[in-house]
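Before we start, here is the structure in question, set down as C-alpha cells.
The letters A, B, C, D and E name the chains in turn, as written, and every chain counts its residues from 1.
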Amino acid sequence: ATPKDTLVLAWAIDDIITLDPAEAFEISAGEIMGNTYDRLVRFDINDPSKLYGDIASSWTVSDDGKLYTFKLKPNLKFASGNPLTADDVVYSLQRAVKLDKTPAFILTQLGWSKDNVDGKVKKVDDLTVTLETDKPYAPSFVLNCLTANVSAIVDKKLVEANAKDGDMGYGWLKTHYAGSGPLKIRDWRANEILAMERNDNYYGEKSKLPRVIYRHVKESATQRLLLEKGDVDVARNLEPGDIEAVSKNADVAVTNTPKGTIYYFSLNQKNPTLAKPEVREAMKYLVDYDAIGQTFIKGIGEIHQTFLPKGLLGASDEKPYKLDVAKAKELLAKAGLKDGFTITMDVRNNQPVTGIAEAVQRSFAQAGIKMEIIPGDGKQTLTKYRARNHDLYIGQWGADYWDPHTNADTFARNPDNSDNASSKTLAWRNDWNIPELTKKADAAVLERDTEKRAQLYKDMQKDVLATSPYVIIFQMIETAGVRKDVKDFKLGPTSDTTYTFKASKS
Amino acid sequence: MGESHATDARLSKPLLEVEDLRVSFPSRNGPVEAVRGVSFTLGRERLGIVGESGSGKSQTGRAIMGLTPPHARITARRLAFAGTDLMQLSARERRSFRGERIAMILQDPKYSLNPVMTIGQQITETLRAHSNVTRAVARDRALDMLEAVQIRDPARIFGLYPHEVSGGMGQRAMIAMMLIADPELLIADEPTSALDVTVQLQVLAILDRLVSERGMGLIFISHDLRLVSSFCDRVLVMYRGRIVEEVAANRLNDATHPYTRGLINCLPKIGEDRHPLPVLDRRPEWAE
Amino acid sequence: MTDALAVNNLTIYFEDFAAVDDVSFNVSAGSSFGLVGESGSGKSTVLRAIVGLAPSSGGEILLDGKPLATPRSKAFYRHVQMVFQDPYGSLHPRQTVDRTLAEPLAIHGIGDGERRIARALDEVGLGKGFRFRYPHQLSGGQRQRVAIARALLLEPKVLLLDEPTSALDASVQAEVLNLLEQLRRERQLTYVLVSHDLAVVTHMCERLLVMQKGQAVEELSAQALAARQIGTAYTRDLMAASTGFKRE
Amino acid sequence: MAVVETHRPGDIKPGRPRARSRSLAAASGIGRFLVIVVLTYLGLLAVTFFIGRVIPVDPVLAIVGDRAPTHVVERTREELGLNKPLIEQFAIYVRNVLTGDLGTSVLTSNRVIDDIRRVFPATLELATLGTLIGAVFGIPLGVLAAVKRDSLVDQIVRVIGLVGYSVPIFWLGLMALLVFYARLGWTDGPGRFDIIYEYTITPVTGILLLDTAMAGEWDAFRNVAGHLILPSALLGYFSLAYISRMTRSFMLNELGQEYIVAARAKGISESRVIWRHALRNAAVPLVTVIVLSYAGLLEGSVLTESVFAWPGLGLYITNSLQNADMNAVLGGTIVVGSVFIGLNLLSDLLYRFLDPRTKRR
Amino acid sequence: MTDMAQPQHWRAWLLSDRPASRRQARLGRAYAGWQRFTTNKLAMVGLAIVLGLVLVAAFANVIAPYSPVEGGDLRTERLLPPSAAHLFGTDDQARDIFSRVVYGSRITLFVVVLVAIIAAPIGLVVGTVAGYAGGYLDAILMRITDIFLAFPKLILALAFVAALGPGIENAVIAIAITSWPPYARIARAETLTIRSSEYISAVKLMGASPWRIVLRHIMPLCVSSLIIRVTLDMAGIILTAAGLGFLGLGAQPPLPEWGAMIASGRRFVLDQWWVAAAPGAAIFIVSLGFNLLGDGLRDTLDPKASDQ
C-alpha cells in the first residue's frame, strides 16, 4: 500500500539525465520541471491555446512585435526562501542561452545568442522585465516558447552560490534543485526514484499532498501488478493489453489525453528507390491504419496522418490514406517497380513501434516489398538516423513547446541540406530538400494573425501529406491507470503540463 | 594376562569361519564372480593369502569386513566371527564389529588416509567411535599407539596431515588407526606393496610384534609369495576367485599345485642363473 | 672402442632440489646396464635426461662418444628408445595398438607400415588378434609388449627400460624379461635397465649402479653382487630386504 | 537464464585436484600476483573501452538528446574529449582511474563511484541471499543424491537441478510475481521496499536488511525482507540447481575413494563417513564452485533485476552500455573485475585453508 | 530364424575383443559406448528430445500448419487462446504460435550448432596450446582467457551485439566469444595432466613435433570432456540467445526465435499466458534435453565415471 500523504507513480524515469531546466529535455524530466519550476507564463491544460501568467502578472507586446514587457507578481519566494525578482528571471533566461544546452534553441530561435542576450533580456525594475526578439514573431509563438522548461526561473542566489569556475551552477544543478514551483525536488536516484515535496513558499494554491514520488518501473506488466495491488497510485507506462485489463478493475480508473507526439516512419531520399514520388505515395497506402489502431495502439494512440498533432494551432485531422494494396501496386508499377524491392527499416526496440513495424512489414509484403527489420536500442537507431544512413526509420516526434512551429520546423523545414548542416531537422535527416516549404514555414512563424497563421499551417500539412517522405501513422494518447482514491490527477497535453501537485487522495 | 587369554580362545573355537564365500558384481554381460566359493577357518594366527592380480584376494578381505561395494552380491554358507554369523547382522551391528573387533589395513596410505584430517584425528576417531573416552584420553591412547608402531616423535606426527608424512610413516599411522581399538582380527591388504623394500621390512616387523604381543588373528594379503612365506604361518593360494592350494608357510617349496609352483619358480633370484626364466603355463582346469 | 652410452657427472636440478647429483657411468655396446635404488633415488630422471625429457643442469651425455644436441634430433630417436614403467600409462587410451604402432612410422616417414607392424607384433609375441584392440582390452603384460614393440619399430640400438616389469605380476614379469633378453640377443641391443628389484637387475644385467637420493652409491658387477662382494652398507640393506622377512 | 545468472566455472572438474592449475595466488609471490591483477585490469579496461568505442552509438547523443543542434553536439563531443584519438582517450581514462577518478556518468550526472556505491549493495544483498539459499539447500540435496545414487531421491534432485538449468529465469520470475505477489499476496512486489519506508530507511551500508536491523526499524526490516523473498528465492533456486549438481558430482567422486573404505573399516557411523569425511573433502572444490557462482551473481543478473525492478549493478551496466555511457560501463567493469579477482583470491584462500595439502611444510 | 540370429552375430562382431580391422575396432568402441549410454534412461530421454528437435527442424515445413511469419487478420485473429485451429494460440501479430515454435527450432538448432562449432574449437586450441606450450605463451593465453572470464557474460555479449549490429548471426558470434574461455580452461587443465603422462612422453620419444602431439594426441583426449561440457552448456547457450532476444538484440523480427517470442509474449503474460508459455516450454524442454544428454554423455564418455 502507499502512504496516505504521498502520491506514488510508477513510471519509466530512466531517461532523466539532469535536473537543470536549462538542459533537461527528456519526457519525464519535463514533467518534473513542470511541477517544480515556475516560469513567466503557462498555458491552460484544458485549452492550450489560452495562456496565463505564472509568475508574470501581465505582459504587453510592443507594436513592432519585437519587445515584450512582463510585470511580475509581487512577494514571490523561492523554495529556498530567497525572494524571486526580475533579477532571477533575467538570470535564468540568460543562463539558458549562455549555457547553450540542447533546449536552448527554443530561446535562441528568438534571435538571442550568447553574445547578445545580455542586451535582449533586461531588467527594468524589480518587478519588470523586457525581452526583445529579432523579428516580429507571432506572439503566440514567443509566449509558447516561454512556457517551455528551458524558460523556467532558477534561484540566482542559490545557483551562483554553488557555481564553480563560472559554470553558472551547471555542475551543481544537474542533481540539485533551485526553483519556486509548487513542489520541490527532494531526492533523485537515477533509475530508481525521484521524490518531490510540497513547497510551502509557493505563491499559488499549495500542493494538496505533501509528497509525490516517482518510482522507476519499466515493465508494463510490473506496473500493472503494482497498481492492482495498490503499491503505486498511478501507473504511467501501461500497454494496450494492460490498459484493457486495469480498466476492468473496480479500484482503478483509466485516464488519458492526447499528447503532442506523433509516430511516423520516414523514407530516406538518399535511397533512389525511396526518392521516387510513386514509392513515397505507395507506402502511405501500404499501412493498415485501422488494424493498427484497433490493436497495437489501442488506448495509447489514435490514427493521425498530418504532422501537427491534434490540439496545436492549425492542426488538421485529415486522414486520406488507408490500406489499399491494389492502388499501391499500381503506383509501384508506374515507378517501374512491379516486382517490388528490398529495403530495411531501423526499429527501436520497444513497443508499440516494433509491433507496428512488423505489421507494416506484412502489408509491404503484399505489394512485393521485402522489408527487413533492423532492431536496435534507441540511441543506436538514432545515431544511424542522424547520420542519414537508414532506408526506412520508424520513430516518434514530440512537440518541444506548444506551438505549431515546433513540428513545422522539423517536418517542413530544411534550410541547408548539406551534410554538415547546423540544424538536422527531420527533413534534413531524410534528405528531403524543400526550399519552397521552408519558406512557407518561415513565413508562418511571423504571421501575427492567428486565424491566418492557422490557415498557413493547414496548407503546409496538405503539401506534406501528399508529397513528403513521412508516413505518419498516429498521435499518441497518454494513458495512465489511476487508483480510485486519487483525485484530480490529470495528464497534460505536453510532458511538462502533467501537474501532479494538483492531485489529492481520499 | 593377554597371552593366556589368547591361548584359551584359540583353543576354544576358531576366530573366523568362512564357508563358500562368493562375491559377484553385476555387469551387462551377466554377473562377474570375483570370489567363487572360498572357504577357510582362521585361528589366532598369521594367514597369508597370495595370488596374482585380480584373483580375488582383496574382495575376500573386504567381504569379511562387510565393505564390498553396495551393488555387489555376497553369499556364504557361513561367515562367522567368533561364533557370530556376520551375514545375519544388520548394517549397524555389522559396523560395531568393524574397527573394534575386525580391522583392515588398506594397501596404499597415499589414498587410504583422509587427506584433510590430521593423522591424530583419524586415529582417535576409531577409538571414539567404539568407546566413550574423552578427547584427552583418546589422544593419550593414540600417542601410545603411534609409539607402538615405532614412530619416534608421536606428538609431532599426531598433528600432521597425511601428505606431510612419508609413505612408510603413513602406513604406520594406518596401522595405528586400525589397531587402536584392539581388534581381534586384522586383515592387512597388501600393507607394504607401496613401500620401499627397506621400509617394508620395518612395517612387517611391527605387525609381527603386534600379533605376537596382542594375540590377534592376522590375514595378510599379498602377491609376494616370498614375503608371505617368510612372514606367515599358513598360506592360501588363490587363482581366479578360488583357493587352489593351502600350505604351511615354511613348506611352500613343497607346494604341489602347479600354479603355486609356477609362481615360486618364475621369480628371478640373485645368484641364480636361469635364462630364460620359467614361465607360468596357465591351464583352464585350475580355475574349475 | 667407445662406449655406446656414457654419462659423465650428470646433475639435474628441479628448482633447488638435486634429483640427480653427479652421476657417471658407461655402457659398452651390446651390454646391459642396471640402475637400482629406492623410489625417488633419481633412476628414472637419469633415463629421462638421456632422451631429453628432463633438463640436465650439468655434466654430459655421450652417445657413441659424441655429445648429444639439445633438443634431440630425430635421428637420435631412431638410435635410442625407451620403455616406460607403467604399462597402463604409456599407451594412448584412445588409440588402437595399430594406431600406436603406426605413429613412429608416420613420424619418420617409414613406408611399408603394414608389414612392419605385423612383424613387430609377432616379435613381441602378440598375434594379429591384438592389432586392433584398445589398451583397455589388453592385460598389463600385453600392454608392455606393445610398448616394447613400439620402441623396436624404429630399430634403435640402445633401449632404455624404466622399470619395465614393476607393475606386472611375477608370472608376467618373467615373460617380459624373457622377451627382453631374447630381443637383445637377436638384435644386439644395448640396454639400460632401471629397477628397484635387485633380483631383476642382476638377472638381466652385467653391471649395475646403485643409487640413493640422487647420488651413485656404488657400481658393481652382477657377479659381485651375487657373491655378496658389496662395498656399501646401503647396498647391503637392499640386499637383505630382497630376501624376505626375517623374524628376530 | 542459468548461464547468465551463474558462472559455471569451467575448470572445476570432479576429481581430486592435486596441483591446482588455475590459481591466481599460486603464482609465487605477491609481486607476480599483483602484476597479474594489473594486467587483467588493463585488459578488461582495454576491451571494454574499445568495444564501447566501436558500438555504433554516439555517446554524445545520450547527453544532448536527439534535438540538439549540431554545434551543441560538437561542443559536447569536445568537452568529453571524444574527438581525441582512441589511444589518447584510453590513456587519459587509465590515468584518471589510477588517481581514483572513475569519472562522471552522463546518464545519472553522478560520479560513477557514487552510483556504484548505490547500486552495488542492492546486487550484493540479493546475490548473497541467493547464494546462501543455494548453498544451504543445495549442498544437503547434492549429498543426499550422491549417497543414494540412482535412487528416487537422486532422480528427484537431479530433475530439480536440471529444471533450474533449463528454465528461462525471466519467465519464471514473472510467473512467480504473478502467483505469489499478485494472486496470493504472500510476498511483496517488485522493488527493494515499499514507498512508505522510503524515508524511514537510511542507507548506511546499502544492505537494507542490515541497515534496518541496526536502526531497529523492524517494520521496515520486515518489508525489506518481504521484497527480497521472491528474487532471492529465484536466484537461490538457480544457484541451488548448480550447487546441488556439483555437490553430487564431487561427493560421488569422494565416496569412491579408498579413504572412505578406510573410514568405514574403522566402524564409524555412516553419517560421520558422509559428512565428516566425504563432504569435508568435497568441500575443497565446492567452495570454489560456490564462490564463483556467487561472483556470477554479484556481476548482476540483468534479467532478474529487470523483472523485479531491482536497482542493481547488472541493470546499471546494461543501461549504461545501451546509452554508450562509457564511464559508467568502465566503472562497472572495474567493479565486476575486482569482484571477480577478489573472489578468486578468496576462493584461493579458502581452498588453501580447507585443503592442508596446499600448505607448505 | 536368421532374423533372430543376425543381431546376435552383429553384436558379437561389434563387441569382439579381437577386432580384425580398424573399422571394427572403432565401431565396436562406439557400440560399447552406445550400450552404456542406452542403460541411462534419462540420457535416452535427452537424446530423444534432441533428435526430436532435429527432426522438427528438418520437417518444419511439413509439421507447421501455418506460415511462421505471415499472420492472420490482426483484427480478429490476434492473441487467440489455444484451440483446435491454433494449437498454441496466436500471438500479437495474429501468427500461429505452434507454427512459430516449430520453425523456431531451426533457429535454435542453428544457434546451438554454430556456437558449438565456433566456441569449442577456439577453446580447444587455446587451451591445449597454452597447456602444452607452457611458459609465456601459456601466461599470455591464460591472461586473455581470464579477462574474458572476468566479464559479465551477458554484458560482454550485449556489447558485441551492439558493436556488430543485431541479428541472429551476430548473436551467435557474441555468444561464441563469451563462451570459449571455460572450454579453454578445461582443455588446458586436461592438457596439463595429459602432457606429463607417459604416452605423451612416448610419442615425444618417437620424435613427434609439438604440433603433432597437440593435434593428434592431446586434442582427441580433450574432445570428450569438451563435448560433455558443450552439451551441458547448450542449455545455457539457448538461454543466452533467448536472453539476447529478450533484450531485443537477438533475432530480427519476424524470425520466430524463441527468446524473442518470450520477450514479445511477456507483455501479455498476465492475460494471454500462452504467448510466452509455448516458447518458454520449448526452451525448457530443449534445454532439458541437452542437459540430460550431457549428463548421459558424461557417464558414457568420462572413463572415470564409467569405472564406478
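As a convention for this text, a contact is a pair of C-beta atoms (placed from the backbone, for glycine too) under 8 Å apart; a residue touches a chain by one contact, two chains touch by 3 or more.
These numbers were taken from a predicted model, which means no experiment stands behind them.
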{"item": "Identity of the most central chain, Cα criterion", "value": "D"}
{"item": "Centroid comparison with chain B (C-alpha atoms), farthest chain", "value": "A"}
{"item": "Higher-contact pair (C-beta pairs counted), B-D versus A-D", "value": "A-D"}
{"item": "CA centroid of chain A to CA centroid of chain E, Å", "value": "48"}
{"item": "Chain centre separation (chain D, chain E; CA means) in Å", "value": "25"}
{"item": "Chain A and chain B, separation of their C-alpha mean positions in angstrom", "value": "90"}
{"item": "Chain B, residues touching no fewer than two other chains", "value": "none"}
{"item": "Touching two or more other chains - residue numbers and ranges from chain D", "value": "55-57, 174, 178, 182, 322"}
{"item": "In chain E, residues with contacts to at least two other chains", "value": "162, 165, 247, 266, 269-270"}
{"item": "Of chain E, residues touching chain A in the complex", "value": "69-71, 73-75, 78-79, 92-93, 162, 165-167, 247-249, 252-254, 264, 266-272"}
{"item": "Residues of chain D touching chain B in the complex", "value": "16, 257-259, 261-270, 272, 277, 280-281, 284, 354-357, 359, 361"}
{"item": "Interface residues, chain A side, partner chain D - complex", "value": "1-3, 6, 8, 14, 17-19, 25-26, 100-105, 174-175, 189-193, 195, 213, 215-219, 221-222, 225-226, 228-229, 231-232, 377-380, 382-384, 386, 400, 420-424"}
{"item": "List of chain B residues in touch with chain C within their complex", "value": "52-53, 196-198, 200-201, 204-205, 208, 223-227, 229-231, 262-263, 266-271, 274-280"}
{"item": "Parts of chain C lying in touch with chain E, wherever the complex brings them together", "value": "48, 51, 53, 72, 74, 76-78, 81-82, 84-86, 89-94, 96, 98-99, 103-104, 107-108, 128-130, 132-134, 137, 147, 150-151, 154"}
